[in-house]
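Here subunit A shows up in two complexes: once beside subunit B, once beside subunit C.
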Partner chain A sequence: MIEMMKKDFCESEKHINEAIQKAQKLQAKLNAVVTFVDPSEQIENAKKKSEGLMSGVPIVLKDNVSTKGIRTTASSHILDNYVPVYDAHIVDLLRNHGAVNIAKASLDELAMGGTNLTAATGAVHNPWDLSRISGGSSGGSAVLVASGVVPFAIGSDTGDSVRKPASYCGVIGVKPTYGRISRYGIIPYASSLDHVGYFVRNVKDACIGLEVVAGRDDRDMTSSYKEVQHYSEVCDGSIKGKKIGIIKNVMNSITNKAVIESFNSLIEKLKSEGAEVKEITFDEDLLRAILPTYYMIANCEATANHANLDGIRFGKQMPADSTEEVMVASRTAGFGIQVRKRFITGSYGLFVENQEKLLRKAQRVRRLIVEAMHTALEDVECLIAPAASGIAPSIESEKMDELASEYLVAENHMVMGNFSGYPSMTLPMGFDEGCPLGVNITCKPFEEVTMFNIGYGIERCTGLKDLVAEVK
Partner chain B sequence: MQYDVVIGIEIHCELKTKSKMFSSSPVSFGKDANSCVNEVDLAHPGVLPCVNKGAVEQAIKACTALHLEIDPVVKFDRKNYYYSDLPKGYQITQQFYPIGTNGYVEIETSKGKKKVHINRIHMEEDTAKQFHLSEGTLIDYNRAGTPLIEIVSDPDMENGEEAAAYVETLRQTLYYLGVSDVKMEEGSMRCDVNISLKPKGSTVFGVKNEIKNLNSISNVQKAIDFEIERQSKLLDEGQIIEQATRRFDEATKSTILMRLKEGTVDYKFFPEPNIVPIRLSKEWIEEIQANLPELPDERKARYEKDYQLNAYDISVLLANKELADMYELVMKTCNNAKLACNWMSGDVLAWCSKNEKTLNEMSMIPSHLAEMINMIEKGDISGKQAKEVFEDVMNGKDPVVVVEEKGLKQVSDTSLIEALIQEVLNDQPQSIEDYRNGKDRAVGFLVGQVMKKSKGQANPSMTNKMIVEELNKRIK
Partner chain C sequence: MTEVRSFEYLRKLARQCMFECSDEELVEIQQEFVILEKQIELLNMVDTDGVEPMVYPFEMETSFLREDEVVNVLSEEDVLRNATKTRNGHVLVPTVVR
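Up next is the complex of A and B:
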């Protein structure tokens, strides 16, 4: 898709205008865009970058990506008027490859959430069924790719925030290895778990996308020096002899027949293409501990990460008599209830009398889970499991029982990819009630080539490629 | 009642680096407000810290000079608190694994030498500067993110003199290392003193008070002296000392209560997730350590050996590194170390302060000053004449040329002086008579006459000596 648009260079202005028009037309239904971006300067730039891998290709950025001169809100009231003075590293890379950013997409406030219901601009709707959620926190980006507005959108993934909405929206969501893409300029949620990720509609585009945005950045000390491979050339899509491990615990916890059937059918096809599939069982207690462990680490880091949002130097400032009162007033008015809850949880976990039994314990559990993944991946090249226990929930639906295994294990196993930093991606694997179901694969660190090869295999087996939701 | 005084000192010291601790913006002093900041210093959303290698190098130098053990794995932590001078809402510091631990420094006071132990040195970043006005608060972020080291001593000091000696020793050491400007008055070195009293011989520590922001070494001593008196008086009266933070007031030379300590603040320290632990290579550390500049102690030993100066003279020179450096340049060609020291620490410094110039700003050439001193030493010019030459030397002139131009050359030719003496004695028979009768002042009169005849160019001490010899001959 990306290559096609790029080849069609003289048509690129047309592509961009079509994308903007489509996004504007769908906005009333999807509510995926926070800010539309005037593309004229970028189009001029794209003309000079005809060799770029995304020259003239319209793209979308999640609104937690810092864009110089373009309002960046992270879907939070406190940043409602914030216009950054600098570009994120990936924005520089995308510009160098001639990509044209047409919009800043909605997210759960400060990327804290899995529903996209907490965005300051309101819920984002699933293009396959407008009564359903997009998933989050990168909901806006997922929806704009799923509805065919753009072929590529940047998201961020702290606890499956790219891969879950990808599953709900029938697109591919990629979260490469921690350190593969610079986080400089991404408004954080939790630094040790945050990854830059992206949405595409086919595996080829996933390869091209990573070639563009990956690479060492001296401004991010956690970014890797490892050379970026030419994924689209290196990957041959062969899965013959590839060793794939099914996470048995996830399958055991899922009750939805459509999920089980499409997953099993995919596995049979993978086997018929020559993949060696085995079942892997994790310690169930470890998997049930993923969610609390995640919440503890993420919220502790988040409460400190967002201490800079105080209304003093940027963002919404509430008038008051002293700097202290300005900070209190601005923060009280600026954050939604979900965010405040997480800050309180995080603060509580950091208190000196709690830290050992909360944050430090969570970090040790994280280590155990990563060790278990490491061990599992000694026998196989890839772990596979459904990305969710079903299709996207309805916006009005009751919350799931958060202590049931179906929730704790099936809905949260992808967070293991954040704990470990291992590369992980979600692809469409079937449909239920007209809405997409996703499958997730996770590989060893920096083995994106293996991940994309298996992704190609899955794409072939399911035949689900370049899906575009027709918004009704 | 008699008390033991327990003093510990925390020193924050700004490191001399080109850029900030975690960002690439320049470190500055006295620049326009908010002109040396970037998005990292202002903690704009999405920025990440990047450790300044130069700052780590400076910290390693400080640790080495102060005999601390260096942790080869550098880790940072977050110290969380909300304050408007702290852009991120947390300070990146080294709470759990400081770069250096367990060192010492040797101080010298009137009671002799003593080791003061240094508990730890850690790296961190400075805050912004705030100006509270009636209209509101102004914030200058230029200082935000400036690299700092905090040097924490053990409570090893017992009086103001020791504390002052400790701070001065650190100040000199860090300055000679080139690690910091250590200007207490500008805040590039800041000193907090913890002090408590306990009954003499007791093993139980008393309640401590912290005295903040002492802006000179003499104030460190004055504040401690005051605090010892204040606390002993309270204890003598049977009152209790409350744990508090106090500040030194220059005007009244007393410490003033800022706030009582109400429980300790929980800074919720936790490891900084954006900075992975950095393993320093052994070779790099060793290379830094091998190339340390000469430290004050080493210089002191060298001055004793090479120049045979006394302890006081050496301490005067070392207290001012630029002065000591220039002294060494002078001594390259100067034959009298003591005389050179007197001129440097006396006339040269006085000239600088009179002309409002720093040592580095003067046009004086050290070899010229050396030549002038050598001329005095040889007796070519008198001390009095030298004062005339000095002014020109300070303005960059060669003393040989100056002496020539002014016709100041002192006559030390014995035959010339001999002739003048004969002339004078022949003219003044009364003086010879006076001398015979024991009136010594006749000598002075005769010297004066010779000087007059020589138009002031005769070497006075030589003249004096020769007149006495001649008189003794004549009265036999």
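Up next is the complex of A and C:
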């Protein structure tokens, strides 16, 4: 898709204009865009970048990606008027490859959520069924790829925030290895878990996308020096002899028959292509502890990271008589209740008397979970499981039982990819009630080639490639 | 652990984060703390004796210092561009010492 678009620049300009028109037309139904971006200067730049891997290709950025001179809100009222004075590293890379950013996409406020119902601009709707959620936190980006507006969109993934909306929206969501993509200029959530990720509609584009945005950046000390491979050239899509491990705990906790049938059917096809599949059972207590481990680590880190959102040096300021009260008033008015709840949980974990029994305990459990993943991946090249326990929930639906394994394990197992930093991606695997179901794979660190090869195999087995939702 | 769900305690947590919550919001937070406490019990089901906390995915220490060169500098104008009030190259806040 990306290669096709960049072949002819006259055609590219047409594609860019069509993308903008389509995004504008769909905005009333999807509510996926926070800010539309004037592409004129970028088009002129793209003309000079004809050799770039995304020359003239329209793309979208999640609105927590800093864009110089373009409002960047992270879907929070407190950043309503914030205009960055510098670009994120990935913006530089995308520009160098001639990509044209047409919009900043909605997210759960400050990327803290999994529904995209908490954005300051309101809920984002799933293009396959407008009464359902897009998933989050990168919901706007997922929806704009799923509805065919753009072939590539940037998201961020702290606890499955690319891979879950990808599952709900019928697109591919990639979260590469921690450090593979620089996070400089991304408004942070939880630094030890934050990854830049992206959405595409086929595995070839996933390969091209990583070639563009990966690489060392001295401004992010966690970014890796490892060479960026030419993934689109070195991946041959062969899965013969590949060893794949099914996470049995996830399958045991899922009750939805469509998910189970769809997954089992995929596994049979992978076997018929020569993959060697085995079942892997993790310690159930470890997997049931994923969510509280995540809550503690993510919320404690977020509470510290967002201490700078006080309306003083940047962001929306509320008037008050003292500096301290300006901060309190600005933060009270600027944050939605869901974000304030998470900060309260973080503050709870950071209290001196709680740090050892909550935050440190969570960090110890994190190590055990990652060690268990490492051990599992000594026997297989890839872990596989459904990305969610079903299709996207209805916007009005009741919360799941938050203590049941279906919620704790099946809905949250992908967070293991954030704990470990291992590369992980979600692909479409089937449909239920006209809405997509996703499958997730996770590989060893920096083995994106293996991940994309298995991804190609899955794409071939399901035949679900270049899906575009028809928005009704 | 019920004292952690009192309005007083939750207000203290909120104030620690420099914001306030309405009584209605505190009731919602109280209810969610019931679930949170039960989920925290799941952490305690895991034996972590002798296990070191894991703070980052890859625990490779940075073993070098970068060159002491001035890089990635923002101008004063850019630094102040997003501040609501500025004066003489500074961010202006309400008087701190009266």
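We take it that the second predicted complex is superposed on the first by the 472 of 472 C-alpha atoms of A that agree within 3 Å, B and C clash if a C-alpha of one lies under 4 Å from a C-alpha of the other, contacts with A are read in each partner's own complex, and residues count from 1 in each chain.
The definition used in the following text is that a contact is a pair of C-beta atoms (placed from the backbone, for glycine too) under 8 Å apart; a residue touches a chain by one contact, two chains touch by 3 or more.
All values reported here derive from a predicted model rather than from experimental measurement.
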Open item on the list: Quick check on the superposed pair: does A:D285 touch subunit B, subunit C, both, or neither? Answer first, second, both or neither.
Closed with: second
TODO: Name the contact category of A:G438: first (subunit B only), second (subunit C only), both, or neither.
DONE: neither
Open item on the list: So in the superposed three-chain picture, is A:T323 touching just subunit B, just subunit C, both, or none of them (first/second/both/neither)?
Closed with: both
TODO: Could you tell me if A:G155 is touching subunit B, subunit C, both of them or neither one (first, second, both, neither)?
DONE: neither
TODO: Have a look at where A:R364 lands relative to subunit B and subunit C in the superposition and call it first, second, both or neither.
DONE: second
TODO: Considering only the touch criterion stated at the top, classify A:P188 as touching first (subunit B), second (subunit C), both, or neither.
DONE: first
- [ ] Would you mind checking which one, subunit B or subunit C, touches more residues on subunit A?
- [x] C
TODO: For A:T332, decide between first (touching subunit B), second (touching subunit C), both and neither.
DONE: second
- [ ] Check whether A:G136 is in contact with subunit B, with subunit C, with both or with neither, and answer first, second, both or neither.
- [x] neither
Task: Which of subunit B and subunit C A:S347 touches, first, second, both or neither - done: both
- [ ] Mind sorting out which residues of subunit A both subunit B and subunit C touch, each in its own complex?
- [x] 82, 85-86, 192, 218-219, 221-222, 303, 307, 310, 312-314, 322-324, 326-327, 347, 351
Open item on the list: So in the complex, the part of subunit A that touches subunit C is made up of which residues?
Closed with: 81-83, 85-86, 178-179, 192, 218-219, 221-222, 285-286, 288-289, 291-293, 295-296, 303, 307, 310-315, 317, 320-328, 331-332, 335, 337, 340-341, 343-348, 351, 358, 360-368, 370, 402-403, 408, 419-421, 445
TODO: Within their complex, state which residues of subunit A touch subunit B.
DONE: 64-66, 72, 74, 79, 82, 84-86, 88, 183-188, 190-192, 218-222, 300-301, 303-304, 306-310, 312-314, 322-324, 326-327, 347, 350-352, 355, 359
Task: Residues of subunit C that touch subunit A when the two form their complex - done: 4, 10, 13-21, 25, 28-29, 32, 35-36, 38-40, 42-46, 48, 51-58, 62, 66, 71-72, 74, 78-79, 81-85, 91, 93-94, 96
Task: Residues of subunit B defined as touching subunit A within the complex - done: 38-39, 42-51, 78, 80, 82-84, 87-90, 130, 137, 139, 266, 268-270, 273-276
